[in-house]
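Structure record follows, encoded as structure tokens.
As written, the chains take the letters A, B, C and D, and residue 1 is the first residue of each chain.
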Amino acid sequence: MRGAKVHTSVTPNANELFVIPTRNLTETDKDYAVAFCIPLNTAGLKMIASPYGRGHESTFTHPVSSGHKMMETLTVFDDVFVPNDRVFLNGEWQFAGPLAKTFVEFHRFTAISYKLPLLDLLVGSALLIAEQNGIEKASHVREKLTWLISYAQTVRMLTKMAAIECTVKDGIAISNTQVVNIAKLHFASNYHQALMHVQDLAGGLLVTAPGEGDLKNPETLKYIDRYLGGSSGVSAEQRLRTLNMISDLTTSEFGGYQAVLAIHAEGSLEAEKLTILREYDQASAKNYARSILT
Amino acid sequence: MRGAKVHTSVTPNANELFVIPTRNLTETDKDYAVAFCIPLNTAGLKMIASPYGRGHESTFTHPVSSGHKMMETLTVFDDVFVPNDRVFLNGEWQFAGPLAKTFVEFHRFTAISYKLPLLDLLVGSALLIAEQNGIEKASHVREKLTWLISYAQTVRMLTKMAAIECTVKDGIAISNTQVVNIAKLHFASNYHQALMHVQDLAGGLLVTAPGEGDLKNPETLKYIDRYLGGSSGVSAEQRLRTLNMISDLTTSEFGGYQAVLAIHAEGSLEAEKLTILREYDQASAKNYARSILT
Amino acid sequence: MRGAKVHTSVTPNANELFVIPTRNLTETDKDYAVAFCIPLNTAGLKMIASPYGRGHESTFTHPVSSGHKMMETLTVFDDVFVPNDRVFLNGEWQFAGPLAKTFVEFHRFTAISYKLPLLDLLVGSALLIAEQNGIEKASHVREKLTWLISYAQTVRMLTKMAAIECTVKDGIAISNTQVVNIAKLHFASNYHQALMHVQDLAGGLLVTAPGEGDLKNPETLKYIDRYLGGSSGVSAEQRLRTLNMISDLTTSEFGGYQAVLAIHAEGSLEAEKLTILREYDQASAKNYARSILT
Amino acid sequence: MRGAKVHTSVTPNANELFVIPTRNLTETDKDYAVAFCIPLNTAGLKMIASPYGRGHESTFTHPVSSGHKMMETLTVFDDVFVPNDRVFLNGEWQFAGPLAKTFVEFHRFTAISYKLPLLDLLVGSALLIAEQNGIEKASHVREKLTWLISYAQTVRMLTKMAAIECTVKDGIAISNTQVVNIAKLHFASNYHQALMHVQDLAGGLLVTAPGEGDLKNPETLKYIDRYLGGSSGVSAEQRLRTLNMISDLTTSEFGGYQAVLAIHAEGSLEAEKLTILREYDQASAKNYARSILT
């Protein structure tokens, strides 16, 4: 095997690496129609890890990313030998498309499912900081909170419907591809707007707040306590912890990573659009329009 | 009874008129806490019908609205006498709110359910005219069609979920209020954008096409046939029929009526936003955010 | 001459008809590389007028469109003879592109200029009806009014800049093509959103209000006066006149005509996008990015 | 003097600190109606600097932020003595509003002016990476580039118009407040959308690319060169430098800082909306609408 794959996530944490085709292939591509599974320590298999987002160690300023980091690698096969008993596909190009499609269908459903806690956290953080900033009754704040709730809940309901409207093949439930892709596109194409609303409600302290050391130093803490306390008795520390969580989720390298993931991981915006158009029953829709005409 | 109600739809087609409070009332409002049901021909009951949208008789230029028109009235009660056995509420102000809310909950669910065929028709018409205009493979056309499909299907899936996530009280299923309102808001706040995309795909002939008489006159028909025929053998008449249907749905007074209905009927945009924010479990969302902080 | 042109506006009101190519041509298209000018009553020249939007005669319900209607025709040349002294181009295909482009450049600037009063009228009507409906101080109303103002003024400022940043050739000022197209795209891609906001502020009476006859009849007028009067002493008639103007501009066939014009007349959305990308100085922008890299 | 001000930018780099009121004051607030100027090393003046965004030292991974960082402080006045000859306002509450407004008017114009290079850099980077990724001719890529160009140029044109439509008072040009605020609102409310488009064009490597060390190590460089090179002979290093610049601008803490600045610095979204509505000539707009009615 010779080749490479960019952004393979958390591979260094795994024991075995599965490799499958990424798209439909024709007979002339048959050399690429391979699928196999090998241990990570196989000779010739190289992982070049990305340093992106590493190194934030303060649980105060980076409450989420200080403890969570997905390792991304450029994974290289430099003349890797794969034993026959680990080979699943070896030139059978007709199976490349179905295999790739099957993976995508399940993986994109996984994607919208695992994003729900992130969206809930954005909504919950927005509600919390609006309260701690003492602005939760302002009309424009309520408008933005409603937008965030509607966004998160629309993704949730579409995700549920994708599962409810599944088909069952050989005892395995396959979520509804069209609905999965509509959910993913809704999630992805509105994510940056959601970040804007959360940052809007949180305020500039997201990127200008004092650091951990200043809260531990009584000389500076007294000023922080006096001037940065929140609404209804919320301490400066509590409010700054909320702000730092939002900063970590939306303005840190972890936040940037999540934003890029939203539009690229588990399928790009354009891949989702293509799938929606392909999966929609266009003939029925046109027939319905024709039936009104006559 | 003395008072009036604007835009009461299809009342002249009914036999009986139900009247209920429209909102929460307090003790000082108790004179308004009335509910009753009377025949339409009761003395003192007046209906002033709107002439809006009347008078399009050609099934060619107005294939939908020539046969469909909801009558809207200003309904006036000019000292109307209501017999005791038709009275359901007579000053019991505590029941005004619950009664109004119950009506709205059911009515708004009806609203999103009955809009689905309209949205399907917009999608089907867009697919059909894109094909007849010979542009269905253009990249920007596919983008707009995908937007329309995603819009219609999102409203459909949210509507289904509102029913699936119902609660059952005394054997009666009550759809999920939060989801109903998210569906309605999604429908309403994107409807004009949908009109834009459909009109964009259809083209200027929506508002500049020849009329019925010119298709019946061989002298003009020969030019129309030569120059306005559609892609892949679609006749000028077929294409103009499709265009006229889209014009009727999006640029006629019927189209304008549907657009205003989208944002005002069965609750305004702002009423939907208020309901979403109120129905969302804010405490749980904030607790989830707090749980990540500690 | 043989051929046809769809949606030629107000041609029946003209004395002479100018004909020019609509796009770049190659040598093989040279038979289409013609430009000329002929009187409207030339033999073989036919105009098939569109009946769209005709017939609203009440200045009460249709204050604008009852007196204003652009006649649109399918204009057909059925073996029309053009005398030599009215011919400007006769096969010189190299001039087709420049001639078409020159026309478009001037015409699209005209387009954004003549739309400004329409946008001002939408803003003014929205402000007026918000006041007459007594809602002008509500936070969401102010938000929507601000959106409308920003929209109209952005188109105005871009239009002015297109003129200010002109180039002068042979004493003739040519507006800045890039800015013209950005202005036109901004106008066109937000017009339906503007309609939504105006309709939102006006309310359902746009499509359910009593007609002219009911205001002339004292029996019905007394109810209309009692129940449909506006805020701060505005009479029902005054308020209904404002509502009817907005209805005429946004929900009548005239309103539909304006909406389709916004996205199709004087260049489609896609034509504007192509022009913007082509007119932008991409090389300088890329060089600036490269200069930051090194 | 006693009090504090959050996010005072680059104060530690200054010699003198100017203090002015931030809003209109009434007589009861007269103790807050102060304006003065003092050296930064005055006793009792404390600056608590934010650690946000510090510590990226690689010019390879962080080409912009490794060399640029605005220091933000919580600036505290702990019983600071201000000599009489540095005092400009001392209880004259009538001047608080005008002084604050004057500052905001100039400062918000500065804001939109200094954002233009950032927007140009986003556009230039997007054009460059589209080319290096070999996707610049794809239809959806051209659509997104056109959006970015229109966005940046609209802000530029509005900024220019704000200067052109200035008023001159005592020889000092004051930019047009309404236009300034429309420009700022357009910039701020579309900035996150711009980030989405740039990230969309750049791809997932923004947050998964190899680091500087791996490019210096021949063992890993050979793989990077083989698999990550760009279109038309662009080396892997060149492409990664472009990607890292975009990552620095849009997904790093510097990128997060810029995003928060967009919506909070020099006035929030809501402050801009209030100003636009206040500065617009509502009476003329309503009169124009009235003139059409009669």
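Brief remarks on what is shown
Rule of thumb we're sticking to: contacts are C-beta pairs under 8 Å (C-beta built on N, C-alpha and C of every residue); 3 or more make two chains touch, one makes a residue touch a chain.
None of the values given here were measured: they were computed from a predicted structure.
The interface at C-D recurs elsewhere; of B-C, A-B or B-D, the pair that shares more than half of its residue-numbered contact pairs is A-B. By count of C-beta pairs in contact, A-D exceeds the other of the chain pairs A-C and A-D. Separation between the centroids of chain A and chain D, computed from CA atoms only, is 27 Å. Distance from the chain A centre to the chain B centre is 35 Å, each centre being the mean of its Cα atoms. Note on chain placement: the centre of chain A and the centre of chain C lie 42 Å apart, centres being C-alpha means. Chain contacts: chain B has residues 140, 143 touching two or more partner chains.
Those residues of chain C that touch chain B in the complex are listed here as 4, 6-7, 46, 48-53, 55, 61, 72-74, 76, 78, 140, 189, 191-193, 195-196, 199-200, 203-214, 220, 223-224, 226-228, 247, 250-253, 255-257, 259-261, 263-265, 268-270. Chain D contributes residues 139-140, 143 to its touches with chain B in the complex. For chain D in complex with chain C, the residues that touch the partner chain are 63-64, 117, 120-121, 123-125, 127-128, 131, 142-143, 145-146, 149-150, 153-154, 157-158, 160-161, 164, 178-179, 182, 185-186, 241-242, 245, 273, 276-277, 280, 282, 284-290, 292-293.
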